Amino acid sequence: MLKIGVFVCWCGSNIAGTVDVKAVVEAVKAEPGVVFSTDYQYMCSEGGQSAIRQAIKEYELGGVVICACSPRMHETTFRKAAEAAGLNPYMVEIANIREHCSWIHKDKEEATEKAVVLCRAAIAKLNLNKPLFPGESGVVKRALVIGGGIAGIQTALDIADAGYEVDIVEKSPTIGGRMAQLDKTFPTLDCAACILTPKMVEAAAHEKIRLFTYSEVEEVSGYVGSFRVKIRQKARSVNRELCNGCGECIVKCPSKTASNAFDEGLSKRSAIYIPFAQAVPNLPVIDREACLRFQTGKCGLCEIACSAKAIDYEQEDETITEEYGAIVLATGYRPMSLDRYDEFQYSQSPDVLTSLEFERILNASGPTGGSLLRLSNGEKPKSIVFIQCVGSRSDDGCGKSYCSKICCMYTAKQAMLVKDKYPDIDVTVFYIDVRTPGKNFDEFYRRAAEAYGVRYVKGMVGKVAEWKGRLQVQAVDLLEDKQLLIDADMVVLAAAIEPDPGARKIGAMLAVNMDQNDFFTEAHPKLRPVESPTAGVFLSGMCQGPKDIPETVAQAGAAAVKVLGLLSKDKLVGNPCVAISDETLCNGCSSCEALCPYDAITFEEKQVMVQGRRETRRVAMVNETMCQGCGACTVACPSGAMDLKGFTNRQIMAEVDAICR
Amino acid sequence: MQRIIGKMREKAKELLEAGTVDAVLGWKKGDFAYDPTPAFFYSTDELDMLAYDGFCGSNLSKYLVEYGKEKGKVLVFLKPCDTYSLNQLVSEHRVDRENVYVVGVGCDGMLDVQKLRDKGIAGIEEIEEAGEDLRIHTLYGLKTCPRDEALLKKCQSCKGKEHKLFDDRIGAEESRDIANEDRFAEVAELEKMSPEERFAFWRAALSSCIRCNACREACPVCSCHTCIFDNARSGVDAKANASEFEENLFHIIRAFHVAGRCSDCGECSRVCPQAIPLHLLNRKMIKDIQSFYGAFQAGDSADQCSPLLSYSPDDIEPDAFDRWKGVM
Amino acid sequence: MPMSTESQVQANAPAKAPTNAPANAPANTLINTPGNEEKDGKAFRPLIVSFCCNWCSYAGADLAGSSRLTYPADVKIIRVPCSCRINPLFILRAFQRGADGVIVNGCHPGDCHYSTGNFYTRRRMALLFSMLDFLGIEKERTRVEWVSAAEGARFASVMREFVEQIRRLGENKKLGDIRCKE
Amino acid sequence: MLKLPVSQMEELFASIASEQSLYLPLETNGLIAFSRWEEGKQARFDQLHCAGSVKDFFFPQTENLALFKTSGKEIHIEENRDPEEAFVVFGVRACDAGSLSILDRVFYDEPADTFYQTRRRQGLIITVACNAPEETCFCHTFGLDAADPGGDVAVWLLEDMLYWDSRTEKGHALTERLRGLFEEAGDQGEETVRKGKADIGKIIDRLPLRDLSLERFAGDGMMEKFDAPQWESLQEACLGCGTCTFVCPTCHCYDIRDFDTGHGIRRFRCWDSCMFSDFTLMAHGNPRPSRLARFRQRFMHKLAYYPENHEGLYACVGCGRCITKCPVSMNITKVIKTLGVDQHA
Amino acid sequence: MSPVRSEPAEIVTEMSGVNPRKCMRCGKCSATCPSFSKIDIPPHRFVMMVENGEIEALLSSQLLWKCLSCFACVERCPRGVEPSKLVEAVRLLQIRGQGKNYRTPDDVPQFVEADEEIPQQLITSTLRKYSK
């Protein structure tokens, strides 16, 4: 039987004032296994700890119970003390007789009685304790960033700058993401391309960074420190080694009617294309859906035009498998579809645009070459109306319940840009609230209103109608209680943003949950905002929730730091209190696998010894590195095969028994 | 359903001869009019002993759990309700679907010989199905009984005549329509009682328990290699109910362990030698699951997730369970 | 809950449960009903087992302590990593061994340290409590509370309230094990 | 032989119950089972068998043996036998009555089981002849006579009259105590009983299991069947539950277990079943690891090992409970029939 | 300032099944209302007044009778508040207050036959009242 020592702390008068410490020492002497019990003024002090160490040696104790303050306070202290005396640190149990006893009870007799019970429960548990040893696993010192927008680029750069290798997987042909589509950025009005392009180039040139553009993550296995990821590189039909990016192919391409996604579909592009001038890599890709060669077999002009012989119609998708220690999700966002907002004439009128479309119109590289024109007739508008919160803050089943966070600021920016270039255009913004928390944000918005004369009206637009070649906007001014009818030439809708739909598939592969809006959930909303619940998977940028560029960059850096913290370790030491499956009891039913939040349980066919016979059975295997020790599986397991080390069924029942004795 | 036995034998013969299957799991003729036994048939010349009549109530799915791969592929005859159980076993990886050839057989509702005995019919020698009636030849003369009055409890509220999985079917369209009582009606009756009355009801019922484990052994989802109640290391093992508490514990935990997995096949009540209405506990769980978490029946398909292994952020609070009473 | 109407099931139920008829017929004392009497004439002091998850409710209980917020000593806390570690067996075990009430405390739904643990707890306990109620066991003896680490005051008041509730209910007779009472 | 109009049975019961606890077939929870008689409760002789057998009175499913009390680190052992009680079981059939002699041989064997002994001393068996044997009856195979059921007192219920014939000292003593209730049966009564017996005999001759023969099992016959190939197909249906064992009037295996009450250890015994996977479980496991071995054990015990040790007496009385109660209709008669055929002769 | 939850307000929310607290004051109902020029209390204010318990004032409002029940506000409201249903409920409250509640269903055909010019919406609105 285990030899147990019990140490009852006075905690000065904190415990001893209400609990008769000596009586507790005496009462527990009769408990099974207890060979030694004593009390001390302050167990956590050096004197107290050395008393523990001494007793362990002197009485050859196999385990100790400390009756003191909350284990949340000093469990580690006492475990270390025990370890110093050669005891396994998990052979220490704490009876919380301060927070849960002396501090809440007045009556000394009652408190003493309860302290004895709590101590008994700890002894009963300790009698069933087993030495525990944390598992160790290695760390592959490379990181994967999924998504090559500003979030992904920044995370990758920060990791690479610290000396670790990073791969970026981006599904489109270039990195840059949404930010590359923007004209200017708030609140400084500096040009998006001017600040983004250098980062794109830096990422491409960085010796520690590899770019997998036009690529997708296909499969993920493994766990923190050692993920195996299958990446599919889609066929560009252009040999990236040979191409020199001259662009001759694009000029010669006869198929020029494909919708240009970079311009949000407002312009056309050729079948072979580079998304935009500063694309990284500067490498064309053939859109096989639009290419005559692929659709009809009759063309080949690009091949002829290419002096580098880089066009390769036979090219196929390539799949590579890489190992990583950490994965960062930076899958970004898109503006939601406005199909269900017909009252604003979005689908009917070319002059009703989303903000991102309008951004392209404002952009010098955009469909109008930067001149502000009505797409319906190419004329300069006289009046522009901005409508806020289209699809955001909705509870009607069509939109999003959340605030998209960036619209107030970019609308102010766009209004200001319009007014700056064309002071004669009337600009009206209909808003519900203007939300400007952020450094220099409110000042920025006030500048739009005060310095540029943008008219802000509190109230929503009810409908937009085409009328006599213009748009009639019916709205309300809530402060005046007036209904307004405004003639406008262009209407810009601040569409709600939503996570990129591709994120769902990736989330499922990595066992990262999504909330009801499809944003990835954090490990803890306040304290672990850039970590996903799956160890080794981190979140960066919009995929976690709406945020603007500075916030995205800040989060990208934070995610990078978390990755670095992980990669800088040679070994990962786990929490030894993890689930353990008894393979002789396991039915292989997979109940535990279904609810494990960490994907820590897998099943395999295994030879199992049962009553002296060998049988092949499907049994659960717990990955100790991935398991976080919640214990959900232990209750889901009908056969009782799954147990939790440190909190076994027998231990908890022994505590129950001791308390109810 | 004796009318389809010919086709069943033909099918079994065909598949055994073709080598498609290595064994046939069905029912074997017994000594009396009402006691066919589940049995494996390994050769075609045994097949004349294959039986299918009104007393084939046993759910053969359970036998597939222990059916090892080394024996090869097996043809199993399943009634519609039995297929729910097999689906559940397949979903729990307890049966390899590839290893089983399912022939769904039609069902007229199965009979309970005890119901005849309870009517005072003793010395049963032969039972004929004559339309809506049973003609029972006994040592003490000819007796008759309406067929519907001799149905097994589980067949009084049939989940339907649809086979939820099968490779082939025989007589599925010919299943006789039987009175289909609301399967939750009994549960609802109990819910209406006061807690004291319910307590008395269950005390009376469970105190009859002799812990023979028939309910557990017959239950297709109670398929643990070692039950916690047999496992000396579980801390709750017992061979008898040595106190009222243990009578309760065994059945509460059993119902909880099969919650979300129980296909409501009714075997627990059918096999209980003490006539304890054990299915009510399981049905209560099914009813609760449906009213708390939406439509769900284990065994409907092999790829659905048990409600106890999933959640919704806006689930009801545990203390609010009784507000949902009577919703179903 | 609606009061009972005459029902068939009820009519069949004998008033007192006759025990395992012959097996224990000659006065088998193993099976018996727990005694009803107040011990030594003292006021009834219930025994409450309070399971607390390590991250929220145990910390909440600690905060109650460090804020010196009192609640009756009848409450004894058992620490588990997460409320989802609590097996219905533990709850039944407590009742068997003489607990008069069991309360399960976890993080607020959505705040679970392990993200989803308490969601499972919520479903399991809803079904368990409903089943106990179905068996006629007082549903007031069991409770689930979500207590955050910041809710020390709430922890104390929930415990006070629960103890009071159990005190009013009296001793747990329906789920106790007579063998443990001797 | 004495007699009493059936209409006065209630008075008979009341008289017996005035000094001894009386158990007889009553309907409880939808089952007919031996239960304690109280005034106004209707005895049920219309079904042949009670759900449990008379064994339950002498060898109850659970029984306290001892209590180990701990105080500090010391243990005190206390005997905690359940209290003694004089009792009468009325309505026992020939098969159940016959089972007691099988149990007696086990429990009286030195060292005698004093728990069983005490109950046997305290208990009195009043049998009732089976006017309407069931198709599942095969007591005749074991030499029992449903028409003359034995016990301390044998009773016939014929033509609204109860005929009472005490057979043992205990039976005579009870008869003496109740004498005032009865009339002499007289020659006419004897004749009625004789005719009743003959009628029962006629039915027994028509029973489907009439010809069930143990001929091939006599002597070493069964022992030779240990390796019979038929066990394989017989056991395939068996679920491994303990129903047959627990309803059987002759099965008598038990386990001794300890229960930690928190204040001490309660040692009790309870029925065990050789069908259970944890039967006679030892450190290395169950000595019969397969279901086949466990299934075979039950029948080998009844038909070979027990007779081997008890002058050829089989440990079965042919009550037929296993036939009606087995969830999958596998039972001893099917085993006897299957093994009785020499397939590999 | 604090909203007084008077009893009529509760009746109105109960009758309509509308929770006015969901309103976030965007004004889209008023922006969308085709009768805006004819009404004294714009729909968004109507919702606010219900929330504040000012039913008395609403009972004498013209909006009750000028509202076309076109349900545009219901359709457009991003919060699912359904202002027109609140108007309907107050209107009903007003009618009941006069003791003129409930036409019998038999009245409907006469109603329709009496004037073929009768606007479809009025009939719809009448029928809605019966279903209350």
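Odds and ends about this structure:
To keep things simple, chains are lettered A, B, C, D and E as they appear, and every chain counts its residues starting from 1.
Quick note on the criterion: a contact is a pair of C-beta atoms (placed from the backbone, for glycine too) under 8 Å apart; a residue touches a chain by one contact, two chains touch by 3 or more.
Predicted model, so just to flag it, every value in this text is computed and none were measured.
Contact with subunit B and subunit D alike is made by A, C. Graph distance from subunit A to subunit B, where chains that touch are one step apart, equals 1.
Shared contacts of subunit B and subunit E, meaning chains that touch the two of them, come down to A. Note: the chain lying farthest from subunit B is E, by mean C-alpha position. Two chain pairs are in question, A-E and A-C; the one with more C-beta pairs in contact is A-C. In this assembly, the chain whose C-alpha centre lies farthest from subunit D is E.
Put simply, the C-alpha centre of subunit C and that of subunit E have 50 angstrom between them. Computed from the mean C-alpha positions, the centre of subunit A lies at a distance of 69 Å from the centre of subunit D.
Centre to centre, using the average C-alpha position, subunit B and subunit C are separated by 33 Å. Subunit C and subunit D have CA centres that are 42 Å apart. For subunit B, the set of residues touching two or more other chains reads 204, 207-208, 210, 226, 241-242, 308-309, 313. The residues of subunit A that reach two or more other chains are 595, 610, 636, 649, 653, 657, 660-661, listed in rising order. In subunit D, the residues that touch at least two other chains are 28-30, 33, 51-52, 61-62, 259, 262-263, 268. Each chain pair that touches appears in this list: A-B, A-C, A-D, A-E, B-C, B-D, C-D.
Listing the residues of subunit D that touch subunit B in their complex gives 28-31, 33, 46-48, 51-52, 61-62, 132-136, 203, 206-209, 233, 236-237, 239-243, 245-247, 255, 257, 259, 268, 270-273, 276-278, 281, 291, 323-325, 327-330, 333-334, 337. Residue ranges on subunit D touching subunit C, taken from their complex, read 21, 23, 28-30, 33-36, 50-52, 54, 56-57, 60-64, 82-85, 87, 119, 122-123, 259, 261-263, 266, 268. Residue ranges of subunit B in contact with subunit C, taken from their complex: 186-187, 189-204, 207-210, 236, 241-246, 248-249, 252-253, 255-256, 259, 281, 284-285, 288-289, 292-293, 307-309, 311-313, 315-322, 325-326.
Looking at the complex, you find that subunit D touches subunit A at residues 71-73, 260, 262-263, 284-286, 289. Subunit B meets subunit A in the complex at residues 92-94, 223-228, 231, 233-235, 257-258, 261, 305-306, 308-310, 313.
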